[in-house]
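Below: a set of structures, written as structure tokens.
In the two assemblies presented below, chain A is common to both, partnered first by chain B and then by chain C.
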Partner chain A sequence: MEIFNYVFMQKAFVVGILLAMVIPCIGVVIVLKRLSMIGDALSHTSLAGVAFGLIMGINPVVGAVAACILAALGIEAIRRKLPRYSEMSIAIIMSAGIGLAGVLSGFVKNSANFNSFLFGSIVAISDMEMFLVIGVSLTVLLLFLLLYKELFYIALDERSARLAGVPVKIVNFIFTVLTAVTVSIAARTVGALIVSSMMVIPTACSMQFSKNYRQTVLYAIGFDVIFMIIGLFAAYYLGLKPGGTIVLVGVVFLLFIFIGKKLLGVKG
Partner chain B sequence: MNAIEMKGLTFSYGGTRVLNGVDLTVPQGSFAALTGDNGAGKSTLIRILLGELSLTGETGSFKLLGKDIRQFSDWKEVGYVPQNGMDTYKDFPASVEEIIQANLYSQIGLFRFAGKKEKEKVMEALCEVGMEPYRKRLIGKLSGGQQQRVLLARALVNRPRLLILDEPTTGVDEKNTEEFYRLIKNFNRDEQMTVFMVSHDRKRLAGLADTIFHLEDGVMKQITTQGEADCNGDL
Partner chain C sequence: MNKTNRTMKAVLFTAAVSAAFLSGCGQKKEADNSGKLSVMASFYPMYDFAVKIGGDKVNVTNMVPAGTEPHDWEPATKDITSLEKADVFVYSGAGMEHWAEDVLKTLKNKNLTVLEASSGITLMKGHEYEEGESQEAASEEHEHGEFDPHVWLSPVNAKKEMENIKDAFVKADPENESYYQANYETYASKFDELDKKYKDTLSPLPNKSVVVAHEAFGYLCDAYGLTQMGIEGLTPDSEPDPARMAEVIDFVKENKVKTIFFEDLVSPKVAETIAKETGAKTEVLNPMEGLTDEQLKNGDDYFSVMEKNLTVLKDALE
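== the complex of A and B ==
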């Protein structure tokens, strides 16, 4: 196929499919913890880190990772202080992140570089960035598998998980860092404004069919990989922006699933 | 030995005193119940029993299964059945067997998945509460009564010495409530499992519990033993 004759498209598929496998792993847990908007808060805050990196002359991805980790820890700290209003923690950090990104972006000399983080640039990533995505993705996947049952129980019922012996605080901390790192890396490739959709939409699709937690995770990964492949093909052949196209493919899938279930009279 | 032993325990949130010198003794193997109006301090007492609230700066003492609560760490000996499982698990995509298996965490251990032995324990717990045909079902697809039985099986799968239930039959119909209480009583009688249950259902408690405690404005006011409640269930 012509599309695979280009090195930049080969890289886009490698990076895209890896991210499509990793992002739903984080996304399923986030959705089940009722923190769906956390991806938005982190990705917006990552822009503040990007701007800071560009101003200071350091790698913007490193700046994004640092900003995301700080934001994620901030969300977790506020969530613990206000457990009944946990969504407020996300709104506070997101506002702070957007505000900071807005102010700092005014000092960035090369605005094109900054803007590439808004919608991503999966077809323009360097070799170094590709290896970074591969390394981070494999690490996140491995840790997700190792902490699979801990993350499941915490998402289900944090109190019972603690009574059963799950080290809730440590696992929550590791998961927070994993989320932050995943969002930062994904922001560079698929876009800061888009990454949270890649967490939530495949999970929403998956939950329409799954009969247990394991299926929910596997189906969400499957859906995200499909969205990524169709999105990249569509972007290439129709001349569209890849980040937005991938998300729109997901939204169309979800709509078809809802309509299909309604027409077939399937409950739930 | 006493499963729960509180002597003159106080607890305050900020400057507001919620528990005011609570004395509570529940012998091992007995069935104790706690009643009280909303805001009486029941939820705080449950949180203390589950080790969620620090007692630093408070007066009085609290021993759980013979150990001072500050040194207590063997939480798998304590089974817990929450209230309102139905709201919590309504749309959660987990099967009944996954939920019960999760509670075998300390037996499965870090970085391992459940093996044949753990799966057998899950089946055994499900059989005990009559829910084995539902093991592959999504928890959210079950009725309120069935969900509470699943949560009971989750608590029982570790064979705890103390079972704490927090208003377990809220929103559950009469028939299923009756069946649920019968199961609890059987475990208490046949396995000498200590039961501590918070409930508003005074009428039923009178025929079930060995001891009924009543919490009012942070004070343990009345203690009634079986048979002392009148025909209306009033204390």
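== the complex of A and C ==
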């Protein structure tokens, strides 16, 4: 097929499908923990990290990862203080992140540098980024499988997880760091929009069908891979911006699922 | 910059101040204490031309900071207050400074001489992804984004912009007319030289197609018989669409384009992706929308950057 004649499209498919398999794993837990907006919050905060890195002469990717980890831990800390309003913690960290990024960007001398670290695009991925994504994806997948049961407990109900003897603090910490690293790397590579939507939309679709946690995860991965493939094809053959296209494919799917279920009279 | 010694400066300063006093209330423009004409320039080329014409008779401020891409820039409050105090505001126009018209409407500064430096230049339609055709500007009021704003990249147009700036300075500060006129003539001949050098260098070269990051070089290409293939349209920094990238890649392969040009102020990621795919190399072709701090420190200006552009163009088209 013509579309696969281009190396940049091949890379887009490799990285896209890989992330489509990894991000919903995080996404399902995030959604169940009522932290759906964490992707946005973290990707915005990573801008502050990039700016800080450029100003201090540290590698901006390292800066972004560090800022994301700090922000994610911050969200966890605030969430524990205000357990019933976990979405507030995200709003607080997100505004702090955007504010900090805005102020710091004023000190960045060369905006080209800044831009190139902020905006990733799935059709312009360098080799280094591809290997980074592959590395991060494998790590996430491995840890997700190792901590599968623990994460399941925590996602459903932290208190009973604690009672059941799950080391909630440690698992939460690992998961938070994992989320932060994934978001910062993926947002830099394929764009923040794709990352934050990939956490939530496939999970929302999958929850319409799944009967248990395992199904939710598997269906979410399935949906996301489908969105990614359709999105990339559509972007290529219709000449659309890939980031937006992939997100909209997901939203349209979700819409059709809602309508379809309504027409068939299936209960959600 | 001219290196006037301190006494010279002091003399000039006193002269200017006394001139301001002598001319009395009629000339409220010399309100700032240096007695020099205070000029706000909308971005780098305007700044450079204004400095070259005004020399030590003017204080020029470049509104867009070094290293910033001006397409997305908007004035902050302090820029508006500076405009309120300024004598002359120079902007290139033709849709380059999307904020200019709105800001000008809100200004209360009655003494401000406003100059759209591109006035009198034949503007090209800004077709995305197409070679622009020359077309007369039908009216003064340009529809936003209708025209290709990058007029200064052809030396002939740049000369015209500088002439407009000279006229505006003469209007705001008639006493120094001969000074401005002399400066203009010095640089006008430099523009002619540059134009001739471009013609002589580029016309014998076998290849005529350049691939650029964003289509800023319409006027330059038009003047010297080149065609530009832009990865992006007239403004940089939007997400590239894959169909367009595939098209550019095919074009590069078919026409054996050796160099993909990108810009200092825009992320080179897409240019690098295409270069990697086609085996071409990447090189900076500067649309001079702004210089970086480093370039300013090295003493780069319009002419030196245009010379560099010519060198890389020559390498790419040989």
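Throughout what follows, the second predicted complex is superposed on the first by the 247 of 268 C-alpha atoms of A that agree within 3 Å, B and C clash if a C-alpha of one lies under 4 Å from a C-alpha of the other, contacts with A are read in each partner's own complex, and residues count from 1 in each chain.
Criterion: a contact is a pair of C-beta atoms (placed from the backbone, for glycine too) under 8 Å apart; a residue touches a chain by one contact, two chains touch by 3 or more.
The structure presented is a predicted model; accordingly, all values stated were derived computationally and were not measured.
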In the superposed arrangement, which partner chain does A:Tyr6 touch: chain B (first), chain C (second), both, or neither?
second
First (chain B), second (chain C), both or neither touched by A:Ser210:
first
Contacts of A:Val166 with chain B and chain C, given as first, second, both or neither
first
Which partner chains sit in contact with A:Ala124 here, chain B, chain C, both or neither? Use first/second/both/neither.
second
Is A:Val252 contacted by the first partner chain B, the second partner chain C, both or neither?
neither
After lining up the shared chain so the two structures overlap, which partner does A:Leu138 touch, if you call chain B first and chain C second: first, second, both or neither?
neither
Overlap of chain C and chain B interfaces on chain A (superposed complexes)
none
In the complex, chain A touches chain B at residues 32, 146, 148-150, 152-153, 156-157, 159-166, 206-207, 210-216, 268
Would you pull the chain A residues touching chain C in the complex into a rising list?
6-9, 12, 109-112, 115-116, 119, 121, 123-126, 191, 232, 235-244
Which stretch or stretches of chain B touch chain A in the complex?
50, 52, 75-76, 78, 80, 82, 88-89, 91-95, 98-99, 102-106, 108, 111, 113-114, 136, 138, 141, 154, 158
Inside the complex, what are the residues of chain C that reach chain A?
66-69, 237-246, 249, 263-270, 272-274, 276-277, 292-293
